[in-house]
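Heads up, the next two complexes both have subunit A, just with different partners, subunit B and then subunit C.
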Partner chain A sequence: MADTPLVNLTIEGRPVAVAPGTTILEAAKTAGVLIPHYCYHPGLPVAGVCRMCLVEVEKFPKLAPSCATAVAEGQVVHVHSEKAREARKGVLEMLLINHPLDCPICDQAGECELQDYTYQEGRKDSRYREPKRFNAAEDFGGDVRYVQNRCILCTRCVRFMDDVAHDTVLNVSERGDRAFIGKFEGKDLTHAWAANVVDLCPVGALVSKDFLNKARAWELDRTASVCTGCSQGCNIIVETRDNTVMRLRPRSNESVNQFFMCDHGRGDYRRLNRRDRIEVPSILGASGHVTVDWDVALEAAARVIKGKRVFVLASPNLSNEALHLLSRIARRSGGAGAFRVPLGGEAPLPGAPDLALRADRAANATGAQLLGFTRHDAPLDLMQAGDALIVADHDLTEGDAASLSKAAVTIVIGSAMPANLPKADIVLPIANVVEEEGTLTNLRGRVQRFLQAKAAPGMARPSWYVLADLLGALGEKADYFVAGDAFGALAASEAAFAGLTYDSLGLRGLPVIDAARFAEAAR
Partner chain B sequence: MAINVKVVERPLEETSYVRATLTGLGKTFKHLIDPHKVTTQYPEERESISPRWRGTHRMLTTEDGKAKCVACGLCPTVCPANCIKLVPGEDEQGNRYPLVFEIDEFRCIFCGYCQEVCPEEAIHLGRHYENSEYSREGFVYDLERLMAQTHPVCEMWDPADPKGE
Partner chain C sequence: MGYPHQPHPRETLVLSKHFGDAEARTLDGWKKRGGYKALEMALGMDPVAIQNVVKESGLRGRGGAGFPTGLKWSFMKIGDGKPHYLCCNADESEPGTFKDREIMRWTPHALIEGVAIGAYAIGAETAYIYIRGEFTEPIQRMEAALAEARAAGVIGKNAMGTGKTIDIWVHKGAGAYICGEETALMNSIEGRRGNPRIKPPFPAVAGLFGKPTTINNVETLAAVPHILNNGADWYKKMSRPDNPKSTGTKLWSVCGNIARPGNYEVEMGFPFGEFLHEVCGGALPGRTIKAIIPGGSSVPIITLEEAERGVMDYEGMVSVGTMLGSAGCIVIDSAQSMPKQIARLARFYAHESCAQCTQCREGTAWTTKILERIVAGDGTAEDLDTLLDIGESMTGKTICVLSDSCATPVSSGLQKFRHEFEALITRKTVHAVPTVVA
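So, the complex of A and B:
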């Protein structure tokens, strides 16, 4: 590609050089000019039906739809010229003929492109006096409700289901002003990735039933994160209000999830909001658990570990930093660590390369393996009698409970108490994935950062912080002040992570050194 | 160091209180028989208040007795005092309506932004200022109470008379 000459053009007076074949709309984005558009979406085939992206190109006889017009050498494009603005104003007026303008009760209000562009360049009133068309809202199955009145027929949803999900469910029914998005007879939006149509919808026509009326778009705080629903590691935005996760939405990353996210991952916000959290460190005394200070709990934990072989049952959802520190705690005592990965059905998104809801329902199984943890279906079988057992946010099954008696002492480091655990000698509360910072390694060996979206409950602390303190109490130097320090120590000591820095990861992530072997394993 | 106090000798006419008292009493008796009244005999008598008076809130209702509010969330967003609590919900017909709508009249600064921003003309400030309660909690008006208010609402802004003349 490097030797292909770039095409030079001018957009709004700014010189742009882009690869041949790029559309004017995409070229304008590189120049920092957003051309209003509805039907165009970078993850979908071009349809050119909304006519919103009309721009004036010099020497063209008429206005050109910028989403479907390729750039050419020497083109001069005017996005905000009188002629182009007038045309788009007309398009907006037409779109609003039958639009109910029910913004006060519409979930999309605040993040609606129809609202935005109408404010930007629409008419201030309508010249149409005829009554508006009215149709009742329809349940599309899955998590999707279709409010026909608000629809502007951009067909993004139809194209997503046809060309990306390869599950033909939606169509454009009827003609002319009676047209609406219809559902094929006997079909429902039950595809595992169907809820993406809600994000794709530029207006409030397709809304999430789960999120309906829960929050207004402008009340939400948004934080970049990584989905922990499976090992794919889709980039997401965590949307919170009042320290509660309201919903998860995809964040685009060409190398991982493009623009999409599966329904399983979206539903994960409930787990992040769970109320039965461990909030205080405690020690098992003669008459049950006694709440203690962090210093006391860490001292006690260090005391019972010392001199014993440490076996770590580490959750494959913990961050790389936490797993690295856990492996150091295990290794210094000659111990080991293991984990079990919960399994589920695999659900690929056929239209996107290497994107699926993976069978491995854990976000960091690859990272755990790279850091020396053994993947095992009955991880406690690897524990030796007399070991000090650390259960780090890992769930226990009834089968595991039988092997627990082998442990001399059991320490729980977790966000919630694991089920089937009869006795925990020391309990240390940690933050969950949206309450701390860190990195995760997805199944292709890509290390991705997640950021803190809300505050941890009670006295809970970030996992890397607790584990670094525990290492310190054991007499090892581990004074990290931010998550980046812990990652620095990880990159310095683990060969697989060599060369990576917290800053160079950015928000899109970078692959580990030998990531190629993970890609190979897939084929 | 001792403080030197200079005692000034003044004549008796200047230091006596008798004359000052008599002057004051004279004024009192003069006002007793003066017909010009300045005191409003509240609460028997009341001053008239401006049609733009911004007082106690009131929620207007539709013909079938439901609150006009559709829980769009604009008033809690615009409220500078953060005194409006709103939880939206959906009724049996699928209409959006407020499950909880509370205004803390103590916190409220009576700016009138909520009335101005309301797209449904549901929440209004009223021409009413007499509020008293036995507890602080009593000043948190819920939806029922806001709907039960009957006082005239504030005429915030008349397009035909923007200066309120």
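So, the complex of A and C:
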């Protein structure tokens, strides 16, 4: 990249140097100054309509909308000057005159920018003495409900649907203070990415029907994670309350999902909360499964595996760490592993580069392949007669079940009992993706970390922990105390992951060594 | 002055010379009156030379802002390889203004000629005349004249046989005041919602369809053929000797409580007091004029005394605390309640706000509600301060000036006629409704 000289300016007394063409609002962010705004969103075209981000620029005759004003050499910008604050105060008062102030029953309360900025710099009271405008709430289709009275007409939702989703559903209808967000006749917010308008809405005008009245924003704990709904690997925030996932929301990552996630991914929280979990290790005895302690179960598993070729049916949703350890268990026995990827329709988000709900509805097929697992439509065809079969969180089809008789013994290592599996000799419970930490490799070969958001049920343990213990029971040293250790072992032994460290991945991930070949596939 | 009235002897008839003369509407009739000579001349000139003549004449935009037309044209880089567009703003929606309507009704070819010259001067092969939808008759006249001009080869792919292309199309508005704002007008032509755009980019850089565009008012463009025919000096001479910044003639639309309402064409620098009392006939019998809004409803309201001190050009109006604007002169007399008149204006702006900017969308409606409550007799002393404060929030902070336009009559009205508001609040009658004059 050619070196473009940076533009130097001063924002709130702080020197800032940014690339030419940067807006004052974005430049201020680099100086640690948040200029209050509503209509501006870095993932959408600039509208410049809320007039909240007005700042005072020395030598400008009028206040400038910082979202739509490019920086210039030597500019001196005042965000908190009397003039700028008065202007914003005026905007806030205007935004509230017809607002119902129904924060106590509004889902947005606690994460509402109208609330936040009003507390921060709004008037203490309103001078509005007239009747407020009232309009009924409307179902916008999909997961979206429009509460018109709370709308500040920032048009983020309209711009998202028009310019990012390329599906013209929403518009601004009417004029003046009668204006509202309208829906074109016969259209609904059924686009695969439509629910992003709920996140984009800075106030409580667009709310999720699914999440409606379920939790207050301040009750939620938030954890960085990665969506496992498909192979895109959208960065997400898992929001939990009382050890239950309440909602999944996008976390911005310019290299993966910008600011968005699809509706399919959002719905994934139900799977993460499923109740039919395996909670204890057990061994099949003469009169059915017997609950045993972890030591007993691991010992038993090691005993039945020893001397046999191991075949692993591994879920392409497992972490790189779990897959690495599983591949080591298979390899040391001369065995192999395979997986099948559930498929669905592809649903791109046209306005964002290389972003789609992918046909591959699994988060780590790329990792599984890099770690030596074979992608196969009938993965159990690769199993040999007499193999010890480990079913690692992988569901079976009725077709798969026919091949099960080839297995000498069947061990389940999973968060729930696999579908269509009639018999398991040993069952080892593991945590699901929001109950442990680890890494996943998305379809472009980007390795991304997810963190633990809630506790695993019963005696279930993190997958890397269980598998490292199993390796130990088999006589192979695998003393990992934290997930990062398991990743370290993986990076040390798997060529594709060479050079990566758990810390260097950070919360936005890094590409594997030959990620270029995955990127190539994008074109 | 036009049909049905005879011009006043003190008028200077240039643009309005053929108002009321039905034959001037036809191509032949127009040519007989010297029409299209200027276009013929222009097409033989270098576009930059035309820009220079217009610059030299001192012609300024007649839509309200008064920007020098030649300078505006010179922003268009001839030969930059991009398509250029000319938009003629015939959306004339400013309350009190009805001059462009008469130009289009009576002298459609004058506008076509001006548009054609303007298009050629800025390197545009396509021009749009954006006419407000309610102007049904002017639209018919313009369409008919354009059809004639196209059929005769005056405009089109081989305009006046010169091989040059000048296509002119009429685009009808659909009833929104805001579409007279130049960037909203472009959005409307493009088929989008008529919302003003953020500037920059300015239209001369990225305008209609993202291409360099110039927007000129009807009256501005209609003046251009006269300037080419008679020379820049002739035009410049129509001004105050001490003020060369405002030149030419100006059409004034006068309405309200005045003896002879109508369109009047006078030279720049005409004394406003004489204009009101002599040319327009002064107040209605038995009444006295108390307030004037000289430039369309969005300029500050002035008192009669201020108006009498004023001269009718851009600078002259500024010096008495108002603006020339579009020269839609609204006269208000002693029989009217200022709060009521101002509330009515505010309601107009509240209705027409495009709803983009917060201060405008909410502020225009809030202002209206307060004013209407005061008029209804439910005002409080705090309301007046609130109104001024809202007005401050609405001024200079939005994408376009609709918001400012709503605040201006309110703040100037409150400043000059505060006693009327206060009297309403304290329930005192200030304006006696006069008995019907026989």
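Here, the second predicted complex is superposed on the first by the 521 of 523 C-alpha atoms of A that agree within 3 Å, B and C clash if a C-alpha of one lies under 4 Å from a C-alpha of the other, contacts with A are read in each partner's own complex, and residues count from 1 in each chain.
Here is the rule we use: a contact is a pair of C-beta atoms (placed from the backbone, for glycine too) under 8 Å apart; a residue touches a chain by one contact, two chains touch by 3 or more.
Owing to the predicted nature of the structure, the values given are computational and were not obtained by experimental measurement.
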**Prompt:** So if we stack both complexes on subunit A, do subunit B and subunit C clash, or do they fit?
**Reply:** fit
**Prompt:** Which partner does A:Asp3 contact after superposing on A: first (subunit B), second (subunit C), both, neither?
**Reply:** neither
**subunit B or subunit C, by number of subunit A residues touched** = C
**Request:** Considering only the touch criterion stated at the top, classify A:Asn213 as touching first (subunit B), second (subunit C), both, or neither.
**Result:** first
**Asked** Between subunit B (first) and subunit C (second), which does A:Glu185 come into contact with in this model arrangement: first, second, both, or neither?
**Response** neither
**Message:** In the overlaid three-chain picture, which partner chain does A:Asn171 touch, first (subunit B) or second (subunit C), both, or neither?
**Reply:** second
**Message:** Just checking: does A:Asp479 make contact with subunit B only, subunit C only, both, or neither of them? Give me first, second, both or neither.
**Reply:** neither
**Asked** What is the contact status of A:Lys62 with respect to subunit B (first) and subunit C (second): first, second, both, or neither?
**Response** second
**Message:** Between subunit B and subunit C, whom does A:Ile105 touch in the aligned arrangement: first, second, both, or neither?
**Reply:** first
**Complete:** In the overlay, subunit B and subunit C get no closer at Cα level (Å) than 24
**Item:** Interface residues, subunit A side, partner subunit C - complex
**Value:** 46-52, 54, 62-63, 65, 68, 87, 90-91, 93-95, 97-98, 127-130, 152-153, 155, 171-172, 174-179
**Prompt:** What residues on subunit A touch subunit B, complex-wise?
**Reply:** 103-105, 109, 137, 212-214, 216, 218-219
**Prompt:** Tell me, which parts of subunit B touch subunit A in their complex?
**Reply:** 70-74, 77, 88-90, 94-96, 119-120
**Complete:** The subunit C residues in contact with subunit A across the complex are 176, 178, 193, 198, 350-359, 361-366, 369-370, 373, 382, 386, 389-390, 392-393, 396-399
